[in-house]
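Next come two complexes, and both contain chain A; in the first it sits with chain B, in the second with chain C.
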Partner chain A sequence: MTTPVVQWGALAPDLILLGGAAVLLLVAVLFRDRTARDIAMLVGVGCFVGSAVAVTVIWDHGDGVRAVLDGQFVVDRFANAVRVIVAGSGLLTLMGAYGWARLREHGPEFVAFLLVAAAGMDLMAASNSFVSLFVSLETFSIALYALCAFDTKSSASLESGLKYLILGSIGSVVLVYGAAFLYGATGSFRFDEIAVGVAAEPESLLALAGLALVLGGLGFKIAVVPFHMWTPDVYEGAPTPVTAFMSAATKAAAFAVLVRVLVTAVPAMGDTWKPALAVAAIVTMLFANVVALRQTNVKRMLAYSSVGHAGYLLMALVSGQAGAKALLFYLAVYAATSVGAFTVVAIAERETGRAATIDSLRGWGFSRPVLGGALAIFLLSLAGFPPTAGFLAKLYLFAAAIDAGYTYLALVGVAATVISLGYYLRVGLALYDRRHESGSMLPSAPGTAWAGTCAALAAIVVLWLGIYPPDVLDWAGQAAASLIAAP
Partner chain B sequence: MTPGLGSYLIVSGILFAIGLVGVLLRRSPLVVLLSLEVMLNSANLALVGFGRYVGGQDGQVFALVVMGVAAAEVVVGLGLIVAMERRRLVLDTDQLVELRG
Partner chain C sequence: MATVVWFVASACAIASALAVIVQRNPFIAAIALLGNLASLATLYLLLQSDFVAAAQIIVYAGAVMVMFLFVIAYVGPHAEVPDERRHTWQLIAACVAAGAILVEIALAVGRSTLDSAASVEDSFGSPQAVGEVFLTRYVGAFELVSLLLLVAAIAGVVLGSGPRPSRVVDERQRRVQEARDLAASRAGDDR
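Up next is the complex of A and B:
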């Protein structure tokens, strides 16, 4: 029995986040109120930036593929790309959340939970066995349950936390059950060893049941129809900064690990899971976008929109390496768009003191030019209009699907996009409704300056990726290649 | 006669079904959490059963990990229930309809 070697360098981006969380728990004891919040913000921003910098340092190590902690994790460029997306979402979330009243009482705790959640997501994207996958999944899930219920004075927030906990746990149990079956079929929890066992016996009923359960369990996390029912309730009830982070970062991490499972553990069963995922993609795209048409609450609408985007992303899973590249690009674009959109919604909520609906946003774009303009850009990007990045992201996704022989999926995707115009444009038009242009400005909510900076940054990212994408595409291509090349 | 893999899986499947029915039908959040534990332990039983069948220690180790994680999850769940109790919310999942499901 040998002691496993710890590769500190490869784990540094995650350890920085966890270290920051530990420090913040001390800050919560030593400082009070606004001082504590400002220290927490500094530490949080420092950790997210540090994590992203650490990723750029280790990006080129050993062709990007490294088995870490006795093969429990693989820190390749794919995992690193997801780490950057998670860190970026965390950074934007922190800036957007700055003025939230609740942070004046419990700032350090909020940032600490956020850092732990981010570390869990990073580790999940790098996991190479069902044991590490489960532990990192629960690490970020439990942090998110607490974050959803963070506003303990609001019954909607508590309710959303409890609902997420109950439904999320069912997902986790299903995942463990699936892992147990795959273990029974192949004798291992490691993805590379499962691949060997599955390739030897691809028709095994045990492995098939295991795969179905694993897909179901992860389906809860990525919110694919029919496992999406928690999403609208949780997104609506959770404090809006939490929703922003959850929608962007959870999606990135969960899709990343799903790709890794499918590509490295069960490629031999592709004939089974590809049609199943194609059906799930069609159902998810159509159902979510049609239901979103009926929503008047903007957060709820964005929640269904997020389910719809999960449907588009499922398309990438069946499209091979080009699909993985398109997936990473899409996730990066979606993260910036989603965090930005929810941040603007949070400010609108704070100003009016009630939930943001299409009616409450009427004419709001005139009194808040930066925030309103940014929200308009995000909505156009979600709907897939050029020159925003959402257009290119969808284009690459559909092109990858067509190249892989799934033309019908791309067609359904286009149809779903057309349906989605209905609700994105409705909000956009309400935002600039001349009839409700009010001369009097509402007093701006605290933290608007920071949230405005966050929204402007996110909008710049969305436009930059939409107009000049080669750098990020190249980066996504390298990351996708390292995943496929993994042993 | 020692019970074989099939028997373990059948018991585990029955526990899973009991837990799932409990989660879906019971109203008290406490009992729902309890049912979730039953489901998790059914997965543990399957893990240990498969561990015996395959012949390594991985299954047992994973089961221990799952127990640890389940404990952490219940802590957050109970914390939420206490917070709801403080706010004097009705502890009945059927009446948690502020967010229409």
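Up next is the complex of A and C:
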């Protein structure tokens, strides 16, 4: 029996997060109340920043690709790019969550769950076998189930956690079933070995059944129609900071691993999965955006918007290397936009003490200029208006799809974008509704300063990526190239 | 001999699985699940996976099922009134989807070339072989699972317990206690 070799350097960004979580469990025992929360926040912010810094250190190691732990994980630039997106989402989420009352009771545990979830997502994005994929997926899922139900006094939060637990488990079971079929067809769990087996026998029905089930299982996590049923309820019921983190980071990690499975394990079956994903993209884009038009609760509306964005992102999966590059850029933009938008919604909820609806936000932009302005920027970015980053992200995505010969997908995407204007602008107009401009201001909620900083930072990122994107585009291009060898 | 055992165990597995979902009495459903787990363990034994079979019996049949039965006994078998409304279209859709998956899997397994039996060494499936794979090839996943269980345990504690006693609450409780003491002493004076 040989001792396994552990590539500590390549795993450092995740180990920093897990180490921080371990420290926080001690903090939870040793300190109480606000002290515990403030220490937890410091540790959490330090870990997310440390994780991102570690990524920049190892970015060029081994020409950007390293097999880790006997090939069970592959730490390449693609995985590292996802780590940065996850760490950034976590950082913004922490800042936005600071004033949340529940953190005074269980602050260290909240941050610890967040760190473990982030580490699980990082590891899933770097998974190179179905064993590590499943275990890392469950690691972050368990942490997220707990986070969704974290507000134990709110029945909506508990319901959200339970729904996510049950439906997420079904998704996991379907995924494992599919992995078992792929194992039966090829004799391996490792993506590179599955690719060899599938290429030898591309018509294998066993592999086809396995792929279909794996796509279904991962479809739950990325929330594409028809596996999106849980999303509106869970996003609406979960505490808003958790919703912010889920919408940004889970999406990034799940799409990353889906791309990895498709292009490294089953590229030989591209003729099968590309049309299937194209159909799913069309249905998701149209369905989610049309249903979102009818929502009045802003969180629920943003949940349907998140499903719609998953539809746009599916377009990237069928578009090859240019698609992978556009995917990463889109995920980075969407993470900043989504965390920012949910954070502002959380502040609005905390101020009024009830769920944020379009009516409750009327005229709010006048009394809270920074937060209102930031929310307007996020809405424009989600809708895809220049000069926000959402415009460029959609542009690259549609261009990649057209280059790959999927012009009809791009056309449906444009149509869906036009539909989506209907609800994004409705919120934006309500924010600056002159008729409801009231001179009196509600007292600001606790943590508004931190959440405002978070929203301002996210808005700056959104504008920066929209006006000067070359740096990040180059970074996304390198990451995509490390995953997919150029033809 | 092995073929006979296989047929019996498979028939038991399917029958008990059906019983789990058909039975309305949760106690009987739990017992049926126990039978299902035991049949599966037999199938694992036929596949030369002694360790997995033993773990299945000890962990699921032993620990998990006892907890299920304990909870059922605690809550009572009729605590939950079943939803009598019939969601016909949902039922039809579920049956169609389940049937589609069954056909898909039957086709996939039936048409594939799974006729050549794999040759495994005698040590296959032994605790030693399982442990070796855990600590070499799958060491990352193995360590991650321990973390997963830790997170699940902490989640249970955080969600199950109320707020941790904080100084604010202590202060309030102290005042309430003082007020009670005062009231009690006054009541004593009146008497």
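As a working rule, the second predicted complex is superposed on the first by the 484 of 487 C-alpha atoms of A that agree within 3 Å, B and C clash if a C-alpha of one lies under 4 Å from a C-alpha of the other, contacts with A are read in each partner's own complex, and residues count from 1 in each chain.
In this text, a contact is a pair of C-beta atoms (placed from the backbone, for glycine too) under 8 Å apart; a residue touches a chain by one contact, two chains touch by 3 or more.
This is a predicted model, so every value here is computed, not measured.
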item	value
First (chain B), second (chain C), both or neither touched by A:130	first
First (chain B), second (chain C), both or neither touched by A:233	first
Partner chain in contact with A:416 - chain B first, chain C second, else both or neither	neither
Which superposed partner A:176 touches (first chain B, second chain C, both, neither)	first
Touched partner set for A:152, first chain B, second chain C, both or neither	both
Which superposed partner A:379 touches (first chain B, second chain C, both, neither)	neither
First, second, both or neither for A:476, with chain B first and chain C second	neither
Which superposed partner A:259 touches (first chain B, second chain C, both, neither)	neither
Which superposed partner A:160 touches (first chain B, second chain C, both, neither)	first
Chain A residues contacted in one complex by chain B, in the other by chain C	131, 135, 138, 142, 145-146, 149, 152, 161, 181, 184
Chain A - residues contacting chain C, complex	1-2, 4, 6, 18, 25, 32-33, 68-70, 72-73, 104-106, 109, 112-113, 116, 120, 123, 131-132, 135-136, 138-139, 142-143, 145-146, 149-150, 152, 161, 181, 184-185, 204-206, 208-209, 212
List of chain C residues in touch with chain A within their complex	104-105, 107-109, 111-112, 114, 132, 135-141, 144-145, 147-148, 151-152, 154-155, 158-159, 162-164, 166-168
Chain B residues touching chain A - in the complex, by the definition given at the top	5, 16, 19-20, 23, 29, 32-33, 36, 39-40, 42-44, 46-47, 50-51, 53-56, 58-59, 61-62, 65-66, 69, 72-73, 76-77, 79-81, 83-84, 86-87, 89, 96, 98-101
Chain B partner contacts - residues on chain A that touch it in the complex	130-131, 134-135, 138, 142, 145-146, 149, 152-153, 155-156, 158-163, 165-166, 169-170, 172-173, 176-177, 179-181, 183-184, 187-189, 229, 232-233, 236-237
